[in-house]
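A short write-up of the structure that comes next.
So that you can tell them apart, the chains are marked A, B, C, D, E and F in the order they are listed, and the count of residues begins at 1 in each.
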Amino acid sequence: MNVKEKEIEYVKNGKRVDGRKIDELRPIKIDVGVIDRADGSCYLEWGQNKIMAAVYGPREALPKHIQNPYRALVNYHYRMATFSVPDRKSPKPGRREMEISKVSGEALEKAIFLEKYPNTTIDVFVEILDSNAGTRVAGLAAASVALADAGIPMKDIVAAVGVGKIAGEVVLDLNKTEEDAPDAVDIPIAILPRTEEIVLLQMDGLLKLDEWKKALKMGIEGCKKVYELQKTALRKAYLEAEKEEKVKENAK
Amino acid sequence: MNVKEKEIEYVKNGKRVDGRKIDELRPIKIDVGVIDRADGSCYLEWGQNKIMAAVYGPREALPKHIQNPYRALVNYHYRMATFSVPDRKSPKPGRREMEISKVSGEALEKAIFLEKYPNTTIDVFVEILDSNAGTRVAGLAAASVALADAGIPMKDIVAAVGVGKIAGEVVLDLNKTEEDAPDAVDIPIAILPRTEEIVLLQMDGLLKLDEWKKALKMGIEGCKKVYELQKTALRKAYLEAEKEEKVKENAK
Amino acid sequence: MNVKEKEIEYVKNGKRVDGRKIDELRPIKIDVGVIDRADGSCYLEWGQNKIMAAVYGPREALPKHIQNPYRALVNYHYRMATFSVPDRKSPKPGRREMEISKVSGEALEKAIFLEKYPNTTIDVFVEILDSNAGTRVAGLAAASVALADAGIPMKDIVAAVGVGKIAGEVVLDLNKTEEDAPDAVDIPIAILPRTEEIVLLQMDGLLKLDEWKKALKMGIEGCKKVYELQKTALRKAYLEAEKEEKVKENAK
Amino acid sequence: MQSDASLELRTDRIREMITQGNRFDSRKLDEYRKIEIIKNISENAEGSARVKLGKTDVVAGVKLIVGTPYPDNPDEGTISIGAEFLPIASPFFEAGPPKIGETELARVVDRGIRESKCIDFKKLCITENEKVWIAFVDIYTINDDGNLFDASSIAALSALLEAKVPKIEDDKIVKGEYTGKLHLARKPLLCTTYKIGGKLVSDPTFVEAQGMDARFSVATTEDNYLTAFQKGGSGSFSPKEIDECIDLSFRHGKAIRNLL
Amino acid sequence: MQSDASLELRTDRIREMITQGNRFDSRKLDEYRKIEIIKNISENAEGSARVKLGKTDVVAGVKLIVGTPYPDNPDEGTISIGAEFLPIASPFFEAGPPKIGETELARVVDRGIRESKCIDFKKLCITENEKVWIAFVDIYTINDDGNLFDASSIAALSALLEAKVPKIEDDKIVKGEYTGKLHLARKPLLCTTYKIGGKLVSDPTFVEAQGMDARFSVATTEDNYLTAFQKGGSGSFSPKEIDECIDLSFRHGKAIRNLL
Amino acid sequence: MQSDASLELRTDRIREMITQGNRFDSRKLDEYRKIEIIKNISENAEGSARVKLGKTDVVAGVKLIVGTPYPDNPDEGTISIGAEFLPIASPFFEAGPPKIGETELARVVDRGIRESKCIDFKKLCITENEKVWIAFVDIYTINDDGNLFDASSIAALSALLEAKVPKIEDDKIVKGEYTGKLHLARKPLLCTTYKIGGKLVSDPTFVEAQGMDARFSVATTEDNYLTAFQKGGSGSFSPKEIDECIDLSFRHGKAIRNLL
């Protein structure tokens, strides 16, 4: 909300401040299986965002009275490192982090076959090491890959992206400069790509109905792009693990 | 403790700042059974004080290790809404609220046949929505009505009132202007009216023994006036419930 | 870290600011069995430091899931009274108190035959009522005496002392004035005196290796001096208890 | 009190009914219960309101406090919305530190209001760089018979619409005197649609809400802006369902706005 | 250590004894145990005292801190009393955040002292509107053998009577130097009467106090003022019993005041 | 993920092996695993680093914040080190308030750095009596395969060595601009020796560390100073063993310092 920013031309000749097209994602890099002690894990870079996700479980839900005899519980923890933001974040989890954890966990629940693991908890931890807008969707995308890496059976991989409005224009995947624009609207969205079921959807800002319709369409397309990157990363990790296995066998 | 207040004549020709007589209560209004989901409830207005009280229980005391195999536990929660006082109250319960909860719960224990409900807890919640001196006794009076509404067997209904001293004069039911007087003494008192057993008694201020004797007498008389209003409200609620029952039966 | 202090001559003709020699302890006074309700207790004065220590247990460790079926747990609580320091200490336990509690508890574990008391906890509470440098070692020495007073079987009594460097000189048992010197180094050390096993050792400051060698030697000697005082106090308490017992018997 | 023992059984039955388009209390699926708004329920509050949605009952109050501006916005006051699920309102609510349900509700109501830009934060500046008004809106539940989100949104907006700005003299608040009302440029309202038994349902009761798969809250304004979304619950919505939810929110928002 | 195993049994027996006017330690029902007051137990405190009431043992210390006055009373310092039931004192005390028993004790001792107006808060002003003294009095239990209320009241008053006011130079406290004692205009003391087995009992031991129905604490001054009441426990008092309690408190307060 | 089921059994076996001078991964008892230092892992941090010690993985970041100096040191900034055992790093770590293990690690790493006097706190003064820099160093675990102390010390020092001081203009931080690096006069490093099966062992893996009796951490500098000690664990060290630990710490500190 800086005065100078008001004079920025956020979209000029179809290009944005960082040179991207209207519906272009920032560069995304996904590494699978990066945390040895976790059951599943993922390191994800999304533009400047840097995220570690790990999954532990299904494991016995404790204390016992929280157990659900019909299904597993999903416990999602989204946290930002103190140094991951321009002004140091307090080490205590804030209300924003708690809300993001809640809606992200609910988004994953639809994807997982929870009824297979009664009385257990599936703990998903997402740690933001560096940030530049869009960490909640990046974190959710990373968590979903970590779940797959943990071998937890899922209907589909949750794909997520931010879509929004800036200077009257609907654009995909806002970065921090864009998000800080005076009239910016941010819409995190997550779907099960195969069925286009919407599992996470939030928004704040001043948005007209026709803008929303455009944004929804762009968001779903964006999710599908992220989905392809998630699948590629998982496939690559699977092939590498297989290769390693073969090397070991041959060594015998 | 404002300088100007020192010049107020708090009692003049037997009348107080708000026109009341020395031993006159502020207007009191009691509605029974106002919270549908509670086992018993009461809305009470006492002058400007506005109070919601609800009772849940007897219900199993949890965690189990707090259970008393000989009697029910009374759990009293007195809380003020942030906007119920001139300066916003912090949303966290303060030391004052905790102390009031303790002595009020103890005051109710004498009235309830606790031994009838071993291993249970009777939860009493008192929420102050607006305040103007005397909320602890008003809350206790409301809680007692809510307990009766919940059908919990009691020896008697706890009646409560504030009595005090102001400008050298012993008066009943101080309001905020009076309570803020430089030499004001406030004495919350609660009794079982039938036996005149004192179940709550606190005081702070500078009081002489003869003033106390006068105050005690006036306090007991005041409690009895409150008692009549409590009984009237409960009787009215009972008759209305009966009428409703009949209407339903006739409708069959 | 006051400017004036920099000009103090901390050691002059082999004498320190309070007249002590390089390797001289401050006066130590130990009273055993001072807290009636505790299983074992000790009041210890060490220079201006004034310390109460009490032991409760071995008692059942609760909640059950913390129990160790092979040995007792040692729970050490070091706390400072708000008024025990020049600037009022916050009533909340701080990070320093937590760390001291941890290393002190570990120091005692080596001394106690923990395997004799599976599933239990031995709670050791150390309360600092007045302080002037060296409270962690004084507290540990007091706790060790309280453990013996509680009749808990131990390999040896833990003896402890501070040793350090000031104005280039290695000295025993720094007081506050010395500890506040600009280049002061403080080294709390605790041993099992019979075997010279080191059970607590911390340090902060800028220390050269040869200084450390000198300090270690002086620290072990210092611990042994403290050990003698601990044993004398326990012996005295034992004899008094015996005498009392006899008086009671004779009175029958 | 309603018996919670048979809750699960009833939930199944109600779900079935809803799948067939019926509701226990004969309402249409997209029909709200009777809405009652009582203003100024606390004299100590700068503004306050109590809202009943059928048997659901919440109160909200506003206190204006003098505070320090954020360094980034030295000439702007601010707003802070909190919510507490008082244990008087339900056997399932407990006293204690804020739980996630309270945090989510408060934050969603907050966004609906804040992002509508209905409050001109510059008007809440007292002295640039030094003193600004902080408007604390606190929402408390009195009885939880479902749809606390919408009841809370109505209560918070009603309390803000009533709120007066205290008078300041010699840098101090003059108690009981005011310089006028807090002006709101828009009236954003949050309306939530629940997905129960495959159907979209408005304003469910507590028992109905027990059977929900998911919910979607949409804040709208009288000038046809969307100002906040929040999807909750472990279920999902199709893009088409989302569009229906948004339509419902515009429609109900308009109707409720007429009651303010 | 006393064995707590047989506690319940002993409680019944002691109750019976008390009903018959007898006490285990041969005291009369209205008799206190031996009181010992040790002053200045901590050099770092501005004032401190340790009080033994038989085997009950508590300490209190005063620290004077420079703070900001309340806007309502810009020329007045303040006092803050806290109490901690240290776990060294009883197998039933635990470390952790303040529990209600500690809060009640601290607040009742605080009221007895504060409301007696024994401290002239205006004398605790350093610079109007800017700096005042805050006197923190902290009470800690060393051994709990009953009647912590009265022991704590004596300890807090004794510590305050010893308290010195630090010297201020160039806006900073000069460590170790003082401008004189904190002056107390009155000596308010809290004395508590317990109702056990239908009788009124003074200064019960821990085991005796286990059998109580109710207790009534009364703070009195040497010039015959009552400054605080606190009834505790789930039992009740008749108006006549309250009068007897007040008489006992005046009587014991006078006796204890002579020991200060 | 490694299976923790067979942990105890493996611990016994590893202990035995170590007693015979052997390690599961063929290292010598005093040999470290491969150390990898990755700098500037967070652009938002003033300085940051990620350190891998075999499979052990930690990150540290520095933020410089404008704060108020302590009254005792009006012309000095300060440093504050925190550590969090993130639950991503181990099945045994939980989210929640700081636990004692985190506090101990943070304080020991802090002492090693602070007491080496490598940071000139006077250079962190912006305006005497008013504004100073506070350097917050926060350490987070990514994967716990043992020896978090040493990995954290390397990460904290690396992050500080990278840290830049933000530019200040008109009393405000100019985002993204810096006046230069934070200068460190020394490079203190903490090296920990574990006592396992009667032997002194460097840089144990998680499973090896499970079998430890005690550990001893020593911070050393390139100019041969000892700047911090910390003994941990319920075991003990002989004076001779302490000397050996110190020698190891000097040796390893030197080697690691070459990697920075």
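Definition applied: a residue touches a chain if its C-beta (ideal position, glycine included) is under 8 Å from a C-beta of that chain, and two chains touch if they have at least 3 such contacts.
The structure presented is a predicted model; accordingly, all values stated were derived computationally and were not measured.
The minimal number of chain-to-chain contact steps leading from chain A to chain F is 1. Chains that touch both chain C and chain D: there are none. Steps from chain B to chain F, taking the shortest chain of touch contacts, total 3.
Greatest Cα centroid separation from chain A: this falls to E.
In this assembly, B is the chain whose CA centroid lies farthest from the centroid of chain F. Between chain A and chain C, the centres computed from C-alpha atoms are 52 Å apart. Centroid to centroid, with C-alpha atoms defining each point, chain B and chain E lie 28 Å apart.
Taking the mean of the C-alpha atoms as each chain's centre, chain B and chain D sit 31 Å apart.
Across the assembly, chain D contributes no residue in contact with two or more other chains.
Contacts between chains close into a ring here, every chain touching precisely two others.
Going from chain A to chain D and on round the loop of contacts, you meet the chains as A, D, B, E, C, F. Only residues 1, 95-96, 98-99, 101-103, 106, 109-110, 187, 192, 196-209, 212-213, 216, 220 of chain B touch chain E when the two sit together in their complex.
Chain contact summary for the complex, chain E toward chain C: residues 1-2, 41-46, 48, 55, 57, 59, 61-63, 65, 82, 84, 86-91, 95, 136, 138, 140, 142-145, 175, 206. Those residues of chain C that touch chain E in the shared complex are 35-39, 41, 48, 50, 52-54, 56, 59, 77, 79, 81-88, 91, 93, 123, 125, 127, 129-132. Chain D makes touch with chain A in their complex at residues 72-73, 98, 100, 103-104, 106-107, 111, 114-117, 216, 224-239, 242-243, 246.
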